[in-house]
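Here come two complexes built around subunit A, the first alongside subunit B, the second alongside subunit C.
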Partner chain A sequence: MLMKPCCITALGLLAVAAVSAAFAQDSGPFIEISAACVPEGCFETDPPGLPVLITEPGHYRLTSDLESDGTTSVIVVQMQNELFRRGVHLDLGGHVLRGPFSCIGTPVSSCNTAVTSVPAIRFEVRNGSLRNGTIRGFAGPGVLALLLESGLIEGLMVTDNASHGIEMIDVVSNEGYVIRDNILHRNGGDGLRAPQGDFGHALISGNLATGNHMAGLRIGRGARAADNIAVNNASFGIMPWSVLSPDGQNCLVSGNVLFGNNNDDAQMNCSASNQTNQCNSGAC
Partner chain B sequence: MQLGSLLMRRYSAFALAQQSESAWPVVVILVLLSLVAESAQAQEFRISQDCAMVGCMPGDLPGLPVQITQPGHYRLVGDLLLEANDGFALYVGAPGGAVTIDLGGYTIRGAHACVGGTPPMGGGAPVTECSFTETNGGAIRVDAVSELTIRNGTIRGIRSQGISVSAGNLVLIEDMLITENGSGITVSRSTPSANALLRIRRVSLNRNLSYGLRTIGDDAGIVILENSQVFGNGYRGVSLDAAGASVVREVQISRAGQHGLVGAASNKRCYSTSYFANNGGAVQVFGCPGLYNRCLQGSC
Partner chain C sequence: MLIMRALLLAALSASLSSHALADPGVTVLSAECAPVGCLDSDPPGLPIVITQSGHYRLHSDLQIPLGGPSLTAIRINAPGEHVTLDLNGHMIRGGKTCTDTPAGACTGLSVNTGLINVENLHSGRIKNGRIQGGEGYGIRLRVTGPVELERLHLTENVDGVHIDLLGAFSTATVRLRDSQIVRNQGNGVRRVDGTGLILVENSLIHGNGSFGVEAGSGTDGTLVVRDSHISNNFTTGLIGRSLRCRVYDSSFYANFNSGTQISSCTGLNTICRSGTC
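Now for the complex of A and B:
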């Protein structure tokens, strides 16, 4: 039986609309990054091969694991000047960025590669977010965040990297940012290494820093570290840079649990505390 | 997408079309839609009771347990029912790989229920009896993996453990309800694992016949339990018997048959954890010093 033209037209329109809706729902407004697209470049401005280079604002999502030789970056976010303040949001989609290296001991005593400054993810943007994935086995830091002004780093598992887990440099934190719910486990440097200078208005919360070769959380002036857990790091659980904040304190810390760090000696070296932190079994 | 169920859906659509010629355009649209959706989901393996019978993904043999032998993302798309003598529902054996299991809000379910163990402040006693008759082995067994995340679902009515962990460098278990099983979560490392880390958060471990959480045997590495509720378990709420550092933080532990928490090995610390009506109102906790812990009934 033949269908009436009106019905065919209606069905065609329905099909187009339905396909569009399905695609929008499943893929979302994300630009996908995967191992399959890396060899040719994952989008127009990304050159072939690693690292995946993000130079345009937008939402990006990993849809597969990515592997590298561990000495070159896997993803580089680097905005041009005129785009610098616009946002880049990078969701690792629960996937893994994997290099070949590993570290020995808890706390880490050494890693099987020379330390470099080349990170797995270089995140050089004023405003953005980075979330939801694992970064393992690189010679440099897992994440190097530069020039971040406001943003969010959350839900990362960063482990077995020969340098720091998350390293931040030249942060311009006028608007504040949040580093939360990350696991920084057994890296060759600090778990989190904040910049030495003004770290104002940052909130470092709910992170787990364990078994790192240096400090668990190394925080800068003016940052607040709350409700983190640091266990079995070789140096302090929480360690400020020596620069004091304007109110004379070098730490704004509360509700942290610090235990088994620094060879069971002092767990943090803050000049002032509200005594709601737990160092080993007591208040600090 | 599992090929069998995909072909079955296609076959059903074409069977519909054979009954009415006018249905052909609809069939084409449905097939097109399913292809688009499945393409977008290509990185995720779906697990259901139906596909378990024929194998849900490469490496998975027909029947339970669904065997996860490759790294990747796995999602339940329906409840899994564990029958008598089924062994495990999900088995993770993916050496060196990263595996994420999202229960999608669904339940891995045995057929049984327990008696007793009412919620924390509502009176009542711990679980005293469960109607276990089958011999199944547990809901999820983790034997080999590097990084593992299990999240977002319920495990109920399984005779043995809800989750049994014997491997994994980095394991995260979150947003789970684990209830009315033999035990909730058991960590028993097959080799000493001082470098491992297990983080359990936002879980309810309640009304299991024996333990809510238990670590046992060789060094379990660092174990963190936080922001969770543990109540009505028949024996102990939390028993940290394995070596290695553990932190229990902001957990409410109540109405266990014996101690709410026992840190039998050294290096256990508790913070801001409350205890109520465990151990018949006697000593609530043993071997987990720390700050802001409260025993609302009995002594700390």
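Now for the complex of A and C:
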């Protein structure tokens, strides 16, 4: 991976290796992305300006907030090539990707922009991870993920986006993916919109979905939703797609807490009840 | 002063490089930089004042003497911004001490501030440390968006966590998890009147001098407690005072001298081993 001077200065490759190793406090050497390097491109394959374009495998970390007009993507990861199974690991470093928009009402009644399909982060990989940051104030979804083989999305706060919080595209995910410990807060669509059908064998766990304009968690028949909390969403706390699994069911859900969704009517609309979930004031 | 601050920060940077190199994108806070100001916007002395979005990490304990002059160690006043504050295993220590369990006979003042005083913020995370002995609250929160408090130990403060959801802060969501809130002078967790969502998960709330968890009277607010243990608090373990309060998969023990364990809140799959739910 060759990098432009903005990110590694003129230290030379040896020094680069030393610096990268020094940055390896949490999870190994990483490639830095920041507002300072964006104007000229943060690495050789990244064109100047937004979005930051990642087309090679590696461990990338955001080291400052990034701001945009909210209608264009901030980071685009495109790694469909089968050679790139090593994947992309993108750590937002506790920072925020920020657009200018916001939503009002709890659950959200409206947002102050027209909805688009352009995400703040487009995460299109054979496998990889996206973690540890906040995505806020965009006209499109906070994250649009297309995980061709496997992936992990964790520790995100996704709030005040006019579309869905995290949206997954229908693809055949051979190994499955994990969506865990995210906060999906007051978005203009679903909190999480996972793929339907057999696409997206997934474990969706430990997420908090609250105050979203549509469902808290939208899940497909190939997913298990466990130990999530969905509170005060306008539609169901957990809402399956209509495609049924071979046993005639559409949900595999357990240990979830659903409260105050759907105007205090039914909290989820799975085709089979599951007594390990808690809905408002009793079993679901 | 600026030259002195620059020299000190340079020395700190050199010191850091000798053991653990500074992490790009992370701003270091410490007792060493506090006397001259840890940030451009931070005046000398405590509290350390954060006014801008960012990722901040504590590199030493912070100590506040009994009676001040400041009763706040870290003040966050960053409207609309996002702050990640990693206490990095360190302790923020005020001068208050309490005896007994439930907490009683506490020393020091009781004022409306916090050792960590979040005056205005959109969203963020505060994690991974011990906050003890505040003559105000351990953490005082006034936020407008989602905030996570995780892996914290709060003890011998006025309240452990004090959350204000009034007015502009009615859209807040506060998720407190994997934490111990024990032996604070007043409440373990207190939600002041107003709306918004407070979620307590996988936490121990024990031996506080008033309620374990107390919600204010705002009926539009939501309080959810899950997978937690609430025990030996001086009065009721949890008082909802709200139409939108639920406790799931939790346990209560010996609160209110083994009297009422839960009040104005519905418990589901919840055990009260001493007293009534």
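To be clear about the criterion, the second predicted complex is superposed on the first by the 245 of 284 C-alpha atoms of A that agree within 3 Å, B and C clash if a C-alpha of one lies under 4 Å from a C-alpha of the other, contacts with A are read in each partner's own complex, and residues count from 1 in each chain.
Throughout what follows, a contact is a pair of C-beta atoms (placed from the backbone, for glycine too) under 8 Å apart; a residue touches a chain by one contact, two chains touch by 3 or more.
In this text, all values refer to a predicted model and were calculated from it rather than measured experimentally.
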_After the superposition on A, what does A:61 contact: first (subunit B), second (subunit C), both or neither?_
second
_Once chain A of both complexes is superposed, is A:185 in touch with subunit B (first), subunit C (second), both, or neither?_
both
*asked:* Please report the subunit A residues shared by its interface with subunit B and its interface with subunit C.
replied: 22-23, 26, 34, 63-65, 94-96, 106, 134, 136, 157, 159, 183, 185-186, 208, 210-211, 229, 231-232, 257, 259-260, 278, 280-282
*Which residues of subunit C touch subunit A in their complex?*
20-21, 23-26, 53-55, 82, 84, 86, 122-123, 125, 145-146, 148, 170-171, 173, 175, 195-197, 199, 201, 222, 224, 226, 244, 246, 248-249, 266, 268-269
*State the interface residues of subunit B toward subunit A in the complex, per the touch definition above.*
21-22, 25-26, 28-29, 32-33, 36-37, 40-41, 43, 71, 73, 98, 100, 146-147, 149, 169-170, 172, 194-195, 197, 199, 221-222, 224, 226, 245, 247, 249, 267, 269, 271-272, 289-292
*asked:* Using the touch definition from the top, list the residues of subunit A that touch subunit C in their complex.
replied: 22-23, 25-26, 32, 34, 61-65, 93-96, 98, 106, 134, 136, 157, 159-160, 183, 185-186, 208, 210-211, 229, 231-232, 257, 259-260, 278, 280-282
*Which of the residues in subunit A end up touching subunit B in this complex?*
1, 3, 8, 11, 14-15, 18-19, 22-23, 26-27, 34, 63-65, 94-96, 105-106, 134, 136, 157, 159, 183, 185-186, 208, 210-211, 229, 231-232, 255, 257, 259-260, 276, 278, 280-283
